[in-house]
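We call the chains A, B, C, D and E, going by the order they appear; numbering starts again at 1 in every chain.
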Amino acid sequence: MQTLAWLVLILPLAGSLVSALGFRALVRVSPRLPGVVGTVAIAGAFACSIGLLVKLQDLPADGRQVVFSAWDYVVTGGVDARLSILVDPLSVFMALVVTGVSMLIHLYSTTYLLSDRGYARFFSYLNFFVFSMLVLVLAGNFVILVAGWAFVGAASYLLISFWYRRTTATSAGIKAFVINVVGDVGIVLGTYFIFRHSHTLDFLGTFSQADKLPQGSLTAGLILLLVGAFAKSAQIPLHTWLPDAMEGPTPVSALIHAATMVTAGVYLIARMWPLFEQAPGAADVGSAIGLVTLLVAGTIGLVVTDLKRVIAYSTMSQIGYMIMAVSSGVYVGGLFHLMTHAFFKALLFMAAGSIIGAMAGEQSLDRMGGFRRAMPFTFLCFVVGGLCLAGIPPFSGFFSKDEILSFLGDRGGWYWALYAGGYVGALLTAVYTWRMIFRAFFGEPVPEAAELERGHLHHAEVHVNPANGEVEDTDVGFPGPDHHIAERSLPMKVAMGLLAIAATVGGVLQIPFGATDAVDRFLAPTFAGSRMFEGVHPSDGLTLAGMVLGAAIGLLGIAIAYHVWVRRPGTSAAIQARFAGLHRLFVNKWYFDEAIDALLVRPAAWLGRFFAQTFERLVVDGTLVGGTTGVISAASATVRRLQSGFVRAYAALLLVGLVAVSLYFLLQT
Amino acid sequence: MILAAAKLHGPHIDWAALSPIVALLGGAVVALLVGLFRGRAARQVAVPLLSISAFGAAAGLSIWQWSADHDIIAGALRADELAMAINLILCAAGAATVLLSWRSVAPREAAHGEYHALVLTAAAGMAVLVGAQSLVTVFLGYELLSIPLYVLCATEMRRAGSLESGLKYLIVGSVGSATLLYGLAMLYGATGSTDFAAVAAALQAGDLLHDPLLLTGIALALVGIAFKASVAPFHQWTPDVYEGAPTPVTAFMAVATKAAAIGIGLRFFDVALIGAQPDWAPIMAVLAAVTIVVGNVGALGQSSLKRLLAYSGVAQAGYLLGGIVVSSKLGLEAAVFYLVAYLLMNLAAFAVVVARERETAFGDDIASVEGIGRSRPLLAWPMTLAMFGLAGIPATAGFVGKVYLIEALVDGDYTWLGVMIVIGSMISLGYYLKVVAAVWMRPAPEAAGGRPALAGAALDAPEDELPGPRPGGLEVTALAVAFGAGTLVLGVWPTPLFDLARHVGRSLGVL
Amino acid sequence: MSAVLFFIAGLGAVAGALGVVFLRNAFYSVLALVCHLLSLAALFLLLDAQFVAAAQVIVYAGAVMVLYVFVVSYVSDASAAMPVGGVGRTTGYLFAVALAAELMIAMLGSGLKAIDSRGAHFAAGFGGPGQIGELLLTKFLFAFEAASFLLLMAAVGAVVLARRRGGVVEEPGRPVLSVMDLIREDNLGSMAEAVNAGHGGER
Amino acid sequence: MDIGWYLAVSAIVFAIGAGGVLTRRNPLVTLLCLELMLNAANLALIAFSRMHGNGDGQVFAIIVMVVAACEVTVGLGVIVAMHRRRLPIDVDELRELHG
Amino acid sequence: MTVHLSILLALPAAGGALGALAGGRAARWWGLAGSLLALAYAIVALVRFHAGDGQQFMTDDMWISAIGVHWKLAIDGLNLGLVVLSTGIFSACTLWATSHDWDNPGLFYFWLGLAHSSVLGALLAQDLLVFVIFFDLMLVPFLFLAGIWSPTPRADRIRAILKLFVYTLVGSLLMLAAAIATAVLNARGGNAISFAFSDLSGTALSKGSQEWIFLFFAAAFLIKMPAFPFHGWMPDGYVNMPMPVVAVFSAVLSKVAAYGFLQIALPLFPQGSQHFQMLLLLIGLASILYGSAMAFTTTNTRLVLGYSSMAQLGFIVLGIFSLDARGAQGALLQAFNHGLVVAPAFFLVALAAARSGGSEDLRDMGGIAFRAPLMATVFLIVALANLAMPGTSNFAGEFLILLGVFKAKIAIALIASVGVVLASAYSLRLLIRAMHNRVGPKVASHEISLRDGLVAVPLVLAIVAIALYPQFALHRSEPAVDGSLSTLPVAVAEAGR
């Protein structure tokens, strides 16, 4: 078991290193080899995760939290950070999701990025990401958690900036990285607050004394941990990096910015449940932010025209659900939704990638339309994903979202607000999801679609950066000159097909009314002892009402979208004109970027300039150095002026000194 | 009367203990006489050789008399380790001066015999001053060193600057000696005796300690001695005289005069006036601090190396004064140690200045040493070591000396003065490093004209009388290298010098 | 009687000193100094220092002042009637007054009883040549010898400084050249030259 | 007369000499002023000698006279040399060296 | 009693001196051999070091008996890592320098070797005056290295270089006075004067003396680091040194200052340290924020690294003056890490500059990564380590530092954490603007050569290795750090509790 656990980590790392160091040799053998290596490495990790699952199930239920330590990492002065991993149902669950989805996305990428000059680099990064994510989920103490946390941030940065010749990509990367570092710092500081009283960094050690920790420190520490979670999971107000992160290649968006990394915050809160249950104040903060995010992101999703960004805002919104869920004690619901969301959101992104391939890199919904016939497989995948997202039974998203909301409803009190908000969000979700589908696949085929229908994949004459229209240097070779679509690429098709199946049937793991509760049972050892996990069970009536309401809202949303964008194509413009203020607010993403810019970035930049241009010159150089040297040179000038050359003046000074010295002595009498 | 005279018994003369001074004075007479010979060789070779032998003999005799510790010639002088140690410094400085003068202009202008006789007499005067054990001897030693130096300063008569420096030194120096004399007179008046021992005994009696006559006497004597040591504000003659005087003479003044002045300072204040230490130490410390500041800031922005070294010498005098202020064994040792270090560093620097004065047309301007790091490493290294040593960079004798001085000051509860030394050293980096930068980091300048621009040289003088650029001379380079190496070696392995200083520390019995 | 003499001599000394400082012609200054020196000699006599008084008159007023007069007349064309220093004149006097005040305080404020007396009793022969000679040959033997050497060196120095030499301009437009310049080596510049020893010839 | 009176004269003469050095530009007169200062010291020495009744002061005074003569000799020598060199006989003109 | 450390100390200087005698092309190999031998020696010492055995490989002779100066060298937990670091960095930078033809190479390698020896001397010294001597002396070679072989035009640089050296020596001189005062005041009461650390104790000095002496030492160390606002020399200095030289300067010399706090200031002046704790913490904090802001603003790559070092050293100051074992451990670890990171950073910046027409300005760079993937990888690792990404040893150091500060003064820790965020911003800015984005106008990129790889790769491997196992360093330094904090009033109070 220990070997398997470490193999889960080592295989992706090995894959990454092999691609990174041996890329020249690999490419010489076959241009596809780096992709194959990467995919096989992840597949191996996936297999090991399954093995881990099996082994874990063999253990008695109360022994399913196992810690393995490799060596002392930082052990000094009471700090006890070892290189240790925690294997328990929750981590194995996460590992399975991560490796499983990653495997498919690796497979997808083997052709999607085939013509890219950074092919080997891409797989190296991608494997490194999987490694990092696994470190994150398997971490056995806070230090390793932070390490994994930051590694995924770095991997995310690398992949966002993958096409580093684009200034848009590099600035998006740095933005994502810096915001993620804010999160890292939050976690570190939160850890300090907890460590101050627990005197251990170990998870299990900390949890075992959760009830002994003072409330104030705990709440402060957990809120700081939440900052980390928000940063990674793109929750307001630390969400602005996620839409920009769409600068990365589409598989990256699918894997990192939809399926896995951004859900780390959810994982973190679920992992820290013993602490959150001791500090309800902190937990409520999480719930509230989750709700706000899900609504705000939904409204923005309604108006964004960039295909990938629509899905990105959708991701934000869905993670809002999860954060809201796990913060409110709906752990299994949140994690279940995490899994199903991973499936269908990855699917949606892959499908979007396929369309973008057909559009030769163009991502604007305004330029798309009528791909229904040209790309039937992609269309099918999109519809499956859309139905999951909208929460239409029996697709997986229906069950997971429903579980969250019914549990919230059961908790009562102010959680009713969350409950209601969740359904409002669901309506928004259905509308923007289907808006996207209708705009891309319905209507008159655009020239690219028509070209494809004629059997020819559109190829752009001049490569431009879709974000700013800048002409790309073609000699560089990334983004690659060729594009790939699922219809013509078996690996892509396989990956999408498998995901579509998973997204469709994933719900069977956890069907209400006791039909199935595989997830519940599997995760139970992790949440053993939780008041929420063991104490909150929605009544059947509430569950049923929720299911009906959810399905109805989903269908309503699809209907609205159909009405607005297919039946009456002019309606959209009319609504925009009617609610111009609101529209402007949504289009400008609630002005979060502008606010952060005005409140933080610009003052910081101004301060930097002030330091560099004024302070350094006037104070550091002028006053401190210049002042001292000034005094000394003034003294020097005085001495040299006194040294006038007049011998009588010398004698005079001598006599002055004489008189002064004598006076001193006379005063001694 | 005649009978009385017949009964008169002259004092016992301890020729052995007196021998270093006798050697110097005898050397002066012999040099003077040999200088009368017509032969070029006699004048240009024999006279310097004789002078060096006189210095060597005096040094040897000093070592011979090292462990002497008694008054000689009716209490006029004292032979002890302090006197002998300073004799050694004087002899080293004197011999170096003779070497530096070997092919210089000054001895030719003044005539070799007279020139060297004057140098030897000045050195003898210094030896007398350092050994002085009575007020009369102090004054005589003071004048015996001053008057030959007045003349030596003015020897390069073709340069107006030389004469100017001679006259300035004479006028200001005479004011200084008149002040000293008046102070000595008052001390005599207050104590009724000219002997140090008697003065000290009178102070010990106690009721004199707050007498204005005595205190003013101390003040005036302090000023007189401080004047010779170039202590601010009595330092103003120093830069002008150092710059104007012939460079070998400047080197001699810089090293030997300072050693003599500090030596008599130690003896006069720590033996004769030790009883009044609480009265004079604070003001002397203040003077030291003022000197450190004035010397160091004055040296900034100087372009003449001699002038720069003059101000630097002022600052160093301030450091050395610290050794007197604390009136302790440690202070005495530190001062002697520092004097030796100072000798090495300054002579190395002056040797380089002399060499470059001959080799370039820039005189003693800092431009003369620009770029010698590449072209003349044997001059560049000594200069660098000398500058580092004077600045107190580790691994030089100057550093160890400063450590010793500061240690003595902290030990004597004058920590603030120790900090002043440190602050002074900081300021001093500004100009010492400038020289180092010129040596290593600036390119050699384009020669400005073919001949050394000796300031004020008569333009109508025959061509062959004016020395053109010529080799600096092997002996000058050797001297620079030797003293530079000494600076380094004693910085790394200072124990021999410490042993010497500790011997000297035993000498002033009162401490 | 002695008081009267003291006042006459003291006033003479101070007046002579003032004369030195305030007379504009250097020649008169020298004469004022002679007056001062003679007054001082009188004061010495009043203090029972007969030998010193005599030496003062003979050596100082007699010999040194003669030298002065010669030099003053030698350089007089250049230095006649030079104004008293303009710059810092008042401050110069101020310093002098301050100095005088301090010295007076020191001298007269002294607690030594003896200052307010006419002096200690002394043995017969005090201040006479016998006593001075005895002291010079016993207690101050070294000082005596050293002083003699000092005189020698002063003489040497004066010769070094004041002798004529080639290359230094003597008169405008007239280089100093003589037959001797052809015979002797250039820049010999020794005392021998200064006294023309060994050559005997005229310049 | 009390010794104090002599000392007072000595102090005054010393100060006058010092003032002369500060104010006179003619180096010849400056030398004279220096003589004044030395003579003032001599007067003090002799007065003290009388006060203490020992001869040390008188011998000291004689030595001072020797020294004074030497200083004068050398000083005059320099002045003569300057005159030969056609340099101005004015201490205020001696300003080549400064700074 | 062994002579090994004296040999270690002498090796680089001896190599340099032989190089100077050999002159010409041979000089570089002599210089390199001296450095590498020292490195080998240091590694042997590292292997044979036993944590917890206190001072090891001790050399103890009387040097200057008159003033109680001992030639006493030893390796303990505090200096072990830094000795290895400095030999390693010097070796790497000497190797780097060999790829360049220096004017008058004999002299160049002589000074470089002397600098190496002086740094080792300061680190190994177990005698206060020996420490001060080497602390001062190690600047001297840089005066020449900067003055003679500076890349900037002669006319501009001398003033700047003099400013640099006067400024930095000012601090050292203050320290000299303070060191002497320490020994003299310790000797009060009949003891013979001695500068050996073992003969000096933190309790012999009165609180008043400790305070001023501490301030003098602190001034020396803070200037050398440099910390805000004593960094006035830094821009001039960094711009005017040849690249390999500025790399060692930044990587090694500033660490000696940090080491000095731990080895000298804290144990010998515990009350002084306690008294000025807040002041030093604020200075550290200001350095972090100011350095970060400047690093983010300037476009000169050297200065980006310079100000970034300033910020990093701010963290080190914070760690030390948390007066907490964890903070101090973190500071020591961070000192090692920063040295290990900043040297290759300078190297990479130099390589980047060589690829962008010699310009060291970020505005002239860009897009270098494409033709130089290996260099880009190395640059990436270095940049990530520089911003203390969790998982690197730099993070372990910062984690401990902030933990220590957190324990002492929560507010300072919270504000200081802003510095962590800023570090990510300026490090990535450097990486992106140099390596990524559009190709700069004068950029002609190519992969790094084998020799360049020999310089960079070992350093990067070391970064990775220490990232995987920081405990390696922490374990060895723990007893010594505890020892150096043991005299602090806080520690004493805590032990009593």
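Of note:
Quick note on the criterion: a residue touches a chain if its C-beta (ideal position, glycine included) is under 8 Å from a C-beta of that chain, and two chains touch if they have at least 3 such contacts.
The model shown is predicted, which means the values in this text are computed figures rather than measured ones.
Among the remaining chains, those touching chain B and also chain D are A, C. The interface carrying the most C-beta pairs in contact is the one between chains C-D. When every chain is reduced to the mean of its CA atoms, the largest separation from chain A belongs to C. If each chain is reduced to the average of its C-alpha atoms, the one that sits nearest the average of all protein C-alpha atoms is E.
Our note on geometry: chain C versus chain E, Cα centroid distance of 68 Å, whole angstroms.
Note: centroid distance chain A to chain E, computed from Cα atoms, is 37 Å.
Chain B and chain C have Cα centroids separated by 28 Å. Inter-chain spacing, taken between the CA centroids of chain D and chain E, is 63 Å. Contacts with at least two other chains are made by no residue of chain E. Of all residues in chain D, those touching 2 or more other chains are 7, 14, 17-18, 21-23, 25, 31, 47, 51-52, 54, 56, 59, 63, 67, 70-71, 74, 77-79, 81, 85, 91-92, 94, 96-99, listed in ascending order.
Multi-chain contact residues of chain B, defined as those touching 2 or more other chains: 136, 140, 143, 147, 150-151, 154, 157, 166-168, 171, 175, 179, 182, 186, 189, 211-212, 215-216, 239-240, 430. Pairwise chain contacts present here: A-B, A-C, A-D, A-E, B-C, B-D, B-E, C-D [touch as defined]. By the touch criterion given at the top, residues 646, 648-649, 652, 655-656, 658-659, 662-663, 666, 669 of chain A touch chain C in their complex.
Partner chain A is touched in their complex by these residues of chain C: 85, 87-88, 91-92, 95-96, 98-99, 102-103, 105-106, 109.
The residues of chain D lying in touch with chain C in their complex are 1-20, 22-26, 28-29, 31-33, 35-36, 39, 42-43, 46-47, 49-56, 58-59, 61-63, 65-74, 76-81, 83-86, 88-90, 92. Within the complex formed with chain E, the residues of chain B that make contact are 333, 373-374, 388, 392-395, 399-400, 402-404, 406-407, 410-411, 415, 418-419, 421-423, 425-426, 429-430, 433-434, 436-437, 440-443, 494-495, 498-499, 501-502. Chain B meets chain D in the complex at residues 135-136, 139-140, 143, 147, 150-151, 154, 157, 160-161, 163-168, 170-171, 174-175, 177-179, 181-182, 184-186, 188-189, 192-194, 239-241, 243-244, 302, 307, 455-456.
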